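Two complexes come next, and they have one chain in common, subunit A, joined by subunit B in the first and subunit C in the second.
Now for the complex of A and B:
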């Protein structure tokens, strides 16, 4: 009898957890309902909904190196480890009062979270989510704590992040997890709002909200310090009100050029990566939020802040012209390309759906109902530096 | 429709009279829905969908108890120089900003 029960239990677990790869899976955030959907990109369908993940206002996701687990960073400080295969929450920890994002270390063993309150970075064991290190972002004589933004992983088991209130960039070396080492770069510019790291892990670039320009750190030559690039790209002109902070994380590189959102203007800036100077500007429909390259770098897709957040524009990176404009609906918050770029997923928040487009014909291929969808994250990120 | 279900009883109880918003200034039911969505989703981008704070401060009633509706309306319309708070007057009329201020003071669950 006992053996029979065991057999039945095995059968049930086998049917719920069938063998499958995770390379075509992903997660979409349902920001208002504390849930995510697990989706797959081979047939463009939703597989499962996982609930109980807390406040997902500005949630983001990184993946374990086996691409089985999604680490979901919630606004309320919640850090959840979701098993993509069975949709369970393998581990969860409320690690701060208010957080903004996270990163996974090069070796896949550590998860770092950037926090607004209390300002700083906390590091956890990727397997158990047990705490490993606490790095308060203190600055100034009164040792105030700064909000931390733009946290990324870098080679040699380092994390890099920026301090919004302090105007600093810190490099956290976790190669010896018992002795975290911090290198501080001060006076990098006022109010860094987000940052990116190049795909080779060499350059860390923070965008500045409090002044025009960006701050660049060459991680191959950290002794040379942080230098300012694109200073004053709009000095003297009246900035438009910024209804939504641009994102740099999904930044676009095509050939020698990087495409980044200009803050407070209807422009995408073109940076020459040989000498880090401005190489041009492309006039676009509104204030850009995400400026993302198709994985082959041939197209750059741009979405916009209010009141233009119903529109997407596609830039051809060879002609630098806008070759297509889409109007998927109000509240286009995020885009994610499938790993080789033949299709792109767009979250259309106010229409409560995610849409999938063919990037060559611009035809809509699928629409997936979702409750106030925001971020979309595919497992291909598991194997890319800085994502 | 939904907006009226919470507005109507407040109008009758006289709560809304605490602020000099005249009936003629009140948004239509459809506009109220849009404003409610803007408050939760777009203000929420910085202040949190539950108004517990983010890049911007928390905006729960107990955190705003010392603020008058006039002060909040002014901040919404003109922004806060030196911070990331933009001026919303390009997208909102004064009475709409006032409506949002009132909504904040009453709390997200009201």
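Now for the complex of A and C:
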């Protein structure tokens, strides 16, 4: 009977651990230790550490539609499916030699990964991680393979991505998983280096490293092709030193305006999304990296490249003024807002901690020890387009 | 030992049942039987029925921030907290004689309910359902109490609602739960009958039954007060027979336009949200009730009042044309899109079933038996403002 009770106690502790809502969970990337921490935002605590995930520099995460599993995309081509309920690795696959992010299809059944080497996109079953499709990014007469960047999901079970070496945008329709369909847009500009899709899944925008401007594809009107916008954007003639390329997926949209990191300049650009022209500039503390809107669009939070990466500035999107400056510590790499915006989490890499701030009072609410933290990703992403 | 095994088997079955992600869950209201069904959208199945929830006509639901609990607001003043993992009623309180919906605060810690009788708003602790605040909707010299309608949450832990009898809008600031602060806006128009807040939590708009037009409060600029908009909207001079008042929370926003049910007319109105004026009208099959946008904003689905409540029409928001008509059966009362929009669920009350459609092919994917189903609510609402 004693043994029975012990067994029962163990079972109870296991089941208590597992049975919980997953809507307030998230993952912190610990890039130096090949691990992630599973966290929750209701009380701002860390629940568990999961190790053995390979090279997590520049790692990113998407979530299963039931918000139970985190798909972690490592730099070394590793694709890991982490069970948030028990911290186990439910599946893992080394799917290429060098990869840079991924996406989950609208229906949640497919995971796509963009690879540098060999250049292309590979698609896996979200449940088993078994291969479903392999899309080599071949181009030109000699069938060279291009690095792929800026992979996002779009409605109708499509994935959209850009080819760095080829200067192309491809739309991959996976609505019939046995018959992947690729639509190629050529000559979109030199060296697309990152891309984003608007929150409604309509506009795909690639930044160009090799020339001024950006490339815009309107997925509601794909027959109109790709057009060049924002010719003042990009490296251009001025050749300013760029310490770190800004992340385009950090674009903030508030009302009709997008708030965009300028490249190499201490400015946030204001873009009028009605006509995709520049509508103004806001002077900021350093070279912006992420420019992210609080979910209600009232504030935009900005972090910076070296030597200013210890600072965050907060812009009021109505007055366009900087209303607050924080100095959390060296190496503020990433920010993630709680889904309804009352708090924001910041990775402070060199201080080995993640900090949580109230976005109204700017008061620090919590600090969580973490080993060289970088990306922070909450499960509410499961329900959004293009993340 | 046999008894031990049996006990263990029971425990295992209980714990297996409970451990799952909650991101793909939802609730269907069964109004005739005082019950709800817990459903999941990954395979489109019903998981469990929960009974004993009182009068559920016109019932609505909000979710806890961890997406584990559904708060069900009944018509009889019943407020029930349903645990989606095991189908139990975690807490229940009969908090008034007659109520009409509720909301959850931005931080997820407070539940507010709007009451007809006695008129006012009561606020409860989201964990325990213990009372936190009682805000009687008193007005005028004789301190009469008004029915309260259109209760929504807004950023900064505020609730906004309107007083039918008083013609007022109140903003209740609960950021300090021990010191509720009310800001009153008087003379906003006669008989506000329902209201909505835009997805960013900025604009609160109340429809007026007693006169033409609507009342708009810009929560980013509350000192500007409430202004009257859309003077052609509402019952006005024409006194058309209105078979059922449209629901304002169904307003669809796509790009800069809001798609709005006309009152008493077979039309959907197009509102330019830049200046809050009418920008066009789309002829539809009947008197629209809910006008809801697919999450990507590309389609708007419309259901209708009697005698046309067997029909759904789908408007393409780019061409403004009706691209599809479905006839699921009598009594199509409510629609809910899956969070990324690939499927939509419809309540078909008089056929005692809920149907699931692919929004791209319009193919019916599933039918779930339900007893006089009305509202459908998915857990992704936990992460949105103003729902």
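Side notes on the structure shown:
We adopt the following convention: the second predicted complex is superposed on the first by the 364 of 387 C-alpha atoms of A that agree within 3 Å, B and C clash if a C-alpha of one lies under 4 Å from a C-alpha of the other, contacts with A are read in each partner's own complex, and residues count from 1 in each chain.
One rule holds in what follows: contacts are C-beta pairs under 8 Å (C-beta built on N, C-alpha and C of every residue); 3 or more make two chains touch, one makes a residue touch a chain.
In this text, all values refer to a predicted model and were calculated from it rather than measured experimentally.
By the touch criterion defined above, A:202 reaches subunit C but does not reach subunit B. In the superposed model, A:57 makes contact with subunit B only, not with subunit C.
Contact with subunit C, but none with subunit B, is seen for A:68 once the two complexes are overlaid on the shared chain. Shared-chain residue A:297: touches subunit C; no touch with subunit B.
When the shared chain is aligned, subunit B comes close enough to touch A:116, but subunit C does not. If you count the residues of subunit A touched by subunit B and by subunit C, you find the higher number for C. Of the two partner chains placed around the shared chain by superposition, subunit C is the only one that A:318 touches, whereas subunit B remains out of contact.
For subunit B in complex with subunit A, the residues that touch the partner chain are 37-38, 40-42, 44-46, 48-50, 52-55, 79, 82, 84, 86-88, 90-91. In the complex of the two chains, the subunit C residues touching subunit A come out as 1, 4, 7-8, 11-12, 14-15, 18-25, 40-42, 63-69, 84-86, 106-108, 155-157, 175, 200-202, 220, 254, 256, 274, 295-298, 318, 339-342, 360, 379-380, 382-385. Residue ranges on subunit A touching subunit B, taken from their complex, read 31-32, 55-58, 75-76, 98, 100, 116-117, 147, 149, 164, 191, 193, 209-210, 241-245, 306-307, 331, 349-350, 372.
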